[in-house]
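Written below as structure tokens is the structure these notes are about.
Chain IDs A, B, C and D follow the sequence of writing; residue 1 opens each chain.
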Amino acid sequence: MSDKNTFVLTITCPDTVGIVAAVSGFLTQHDCFITEAAQYGDPLSRRFFCRIVFAAGALTPTRTEFEKMFAIVAERFQMIWTLHDLTKKPRVVILVSKFGHCLVDLLHRYHTGQLNIEIPAVISNHPEMRSIVEWHGIPYHYFAVDKHDKAGQEARVMEVIDRVGADLTVLARYMQILSSDMCTRLQGRAINIHHSFLPSFKGAKPYHQAHTRGVKIIGATAHYVTPDLDEGPIIEQSVERVDHTHTPDDLVGIGRDIENLVLGRAVRWHVEHRVLLNGSKTVVFK
Amino acid sequence: MSDKNTFVLTITCPDTVGIVAAVSGFLTQHDCFITEAAQYGDPLSRRFFCRIVFAAGALTPTRTEFEKMFAIVAERFQMIWTLHDLTKKPRVVILVSKFGHCLVDLLHRYHTGQLNIEIPAVISNHPEMRSIVEWHGIPYHYFAVDKHDKAGQEARVMEVIDRVGADLTVLARYMQILSSDMCTRLQGRAINIHHSFLPSFKGAKPYHQAHTRGVKIIGATAHYVTPDLDEGPIIEQSVERVDHTHTPDDLVGIGRDIENLVLGRAVRWHVEHRVLLNGSKTVVFK
Amino acid sequence: MSDKNTFVLTITCPDTVGIVAAVSGFLTQHDCFITEAAQYGDPLSRRFFCRIVFAAGALTPTRTEFEKMFAIVAERFQMIWTLHDLTKKPRVVILVSKFGHCLVDLLHRYHTGQLNIEIPAVISNHPEMRSIVEWHGIPYHYFAVDKHDKAGQEARVMEVIDRVGADLTVLARYMQILSSDMCTRLQGRAINIHHSFLPSFKGAKPYHQAHTRGVKIIGATAHYVTPDLDEGPIIEQSVERVDHTHTPDDLVGIGRDIENLVLGRAVRWHVEHRVLLNGSKTVVFK
Amino acid sequence: MSDKNTFVLTITCPDTVGIVAAVSGFLTQHDCFITEAAQYGDPLSRRFFCRIVFAAGALTPTRTEFEKMFAIVAERFQMIWTLHDLTKKPRVVILVSKFGHCLVDLLHRYHTGQLNIEIPAVISNHPEMRSIVEWHGIPYHYFAVDKHDKAGQEARVMEVIDRVGADLTVLARYMQILSSDMCTRLQGRAINIHHSFLPSFKGAKPYHQAHTRGVKIIGATAHYVTPDLDEGPIIEQSVERVDHTHTPDDLVGIGRDIENLVLGRAVRWHVEHRVLLNGSKTVVFK
């Protein structure tokens, strides 16, 4: 572990006495300086979650050594743990259909360094967004959906995701329902933006549903993809006030801004390893 | 119509050319000075809604005369209309169970003049809130619910509502499901506070449902009572951000403040005649 | 006034009896169908403001005729009024420096039709944003600031604004202080985004000021440009919650999203003629 | 330290390697189970802050023993630290003038157990709120302000605060400016609610100032009292959207609800020992 590099350690395990003492003792002992730490013990599931950011010191061992030794601590507490080197940029693949606002927003955050990621590929079932994507120097993969061979199109999408080594796949208003198999394969590393305040208005045309019900606030939800449509663990939500004068089209317009914000935050938190899964829910260390 | 008195005129009718010209012409002609006006034409239902506040002038006729003459204008445009004298305080009956926060909040708004209303009665199926209500000099009617005679208890509640001449009945966390008959009788003049961001989490224990689903924002909804539980026209909603650290009890606590705000606004808007029904939705002229 | 075209009429005048009757009567008489109307009487300044959207009918006269006849009504009530044909897109010039987020956001809203405008020019004192602007097919004017000839650079900027016939000039994080003369010439048709919740933190580096003061909420403000720096009439503001963990750089990042939203709304409301000036304040008919 | 009791330990010290390891090691060693922990290292001031909630176990020593031993750890890291037994309710004295909404709100939160405190006294320079305070069974001290002897009135107020052993003094819209001496004596244990979004609109009549400036959002700020008026460390702020139709009186009404929320949160966080001072700012572990 090269000196001065910064790492994120995430841990999930049954809650018990001595976890923090053991982990912080281990880090201190190996010359690691904790710069951020957050923890949470769920009183219902009796599980413990933590995220620790630390800088390696002059006496910190190599990563292989470190992992071998930490595995002993981890086993004692039945930890599920990950260690990430923050100098390595996560590789994020973006899927999009015709509505490009979330894609454009992510590209701008990437372009200005707000999102510290690589984008090795953008994939779409429509050709419309090619030009802006290629302007950013990113390969654009256009795979049209053939009604009679949806599986074939999905296979081509998965092939790119696998080939470029995506750490995260973002469904930025990708208007295709993924197969159960693809959801399972991407579980925990695919984020979808749903254009409603879930669990309200699941499924299609949520802004029209919201208009029909006459709600006074609309929202958007970023969640992990699971085989159950719109039921995955929620990462972030945000809302905006509306009123009777807004048409469904107005709601779509207002919603765009909310979707951008919510998806931008969810992606950033994920790639900064701030989101831990707690059953069907998330623990987010902002 | 005594000189200087202020009135609110509300109108709903099919949208067409000349409504505003006819109404404002009528008012000008009868020496009425418009101090507030708001209107809305729904492009889907093709209906027109407006609310006009005006001060009667020296040459304004008596109310009976005024109404007789305005009825001619109204008939031409097939108007549903109401005329309210703002110097007459609406009579509001409050129903409550054990959770007193919404009641206490409404009483304080009433006490300080924020809500310009009379409260001729508070009715409860529990005795707990008697003391604070009577401190405000308001009669407290305690009707326990007999499992084998729910209809009898409801009849006693309705008897009070009718006897005191309630213009509005507020269900301030009244934890009894009203009969379809009572809902129908109070339609358009009973407001309920539901402790979730409808249409999410209908029915019982919404904060626990929200906790289980892991939402990042919770809310409350004030709506008109209809025979369809939690499906009535929404008047107002508000939300607050929560996170994984909040227990169901925390959500209940945070929710209380939202419920107070939302119900307080909905009651004020209703008694100021700012809320017009548009099918299963509302037009709110804030 | 060609049949079916839609117009916006805005009016400001001393408040008195009969304005609405006169205007709506005039429109009805000339076969105009009001689709939106909003009005406000300021009880302090005793001034009346309104905005009426109407569709011309088969019997509506030519625009010249219409204006000649309406001028008679307008004179009677001492009206300041404007009439805009909604089929003509407002011409918006954008000024930018190095921070491109607001520019990129406006370009995307323009590109997707959310902002129904023309952008005949983007002007900057830096070359950085040329590529993305020209990708949108918009001329980019780069005028470097010469410390010893600020007036010369400003003259070149004004020359473009005048030549392309800008209806509105937007300072999208343009980090130059305009001369008093330029402010005066653009008064009422130039919008600035200030990256704080005014009147807090005027002047330079507001996010750093906010960090030093330890505020728990930051914001952004869109306002009309006036010779008094950061004192112009406020059009829109929005805020976001922050906490002790946020560094000044974090605030800059969070602030970007707020600035985009606030400026996007202010520009839209302005070009839809929803913003009327009321002394040093605005009336915004959303 | 009786078994099963819950304690809060707060620590502030220079940031360095090994603090968390030392503290968590100490607690584990003395059979304490950490149920909540939050920490923050300020990269600018290089100071470390943490708050740990723990349950004493069967083998935990007496409080005196515990403190004696912990002092050794504390000295090593130059810690400023406090230890609170959560079973002991903090004693909160409330000061109020004529506007009673914040007082009534705090009393209701106290009454329903949302605020786990004792209120040994309410003090006022006006008699108006006596009745509701005494209804809650709390002594009401009315000390009128004599223009020629402000110091005498303040001395009587301080005498009550001292005599009842107040842990916290809350200025719930107490419209008297405290002397510099009193501010200094109460530093860190007195909270004021200012009815604006500080640092905007310091001083008197902030809602009128906000109306004059034409802001689109108003707010309230809870802060620790310091000799510099309205300049103390901010604990919490919240805001609400307003528009041109709101009169100064409307802003006062809307503001009341914000003040209640903000003050209610600040008091709760303070008595739960969630607020640590960081120079002129606060660290709030929500």
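Quick notes
Basically, a residue touches a chain if its C-beta (ideal position, glycine included) is under 8 Å from a C-beta of that chain, and two chains touch if they have at least 3 such contacts.
Since the structure is predicted, the reported quantities are computational estimates derived from the model, not experimental observations.
Placing every chain at the mean of its C-alpha atoms, the farthest one from subunit D is found to be C.
Across the two candidate interfaces, A-C and A-B, the one carrying more C-beta contacts is A-B. Between the Cα centres of subunit A and subunit C there is a gap of 36 Å. The centroid of the Cα atoms in subunit A and the matching centroid in subunit B are 42 Å apart.
Shown for subunit A are the residues in touch with two or more other chains, namely 43, 245, 286.
Touching subunit C in their complex are the following residues of subunit B: 17-18, 20-21, 24-25, 27-29, 31-39, 41, 43, 57, 241. Residues 100-101, 104-105, 108, 112, 114, 131-132, 135, 245, 253, 256-257, 260-261, 264, 286 of subunit A are the ones touching subunit C in the complex. Across the interface of their complex, subunit C is touched by residues 40, 42-44, 197-201, 213-217, 219, 233-239, 243-245, 247, 278, 280-284, 286 of subunit D.
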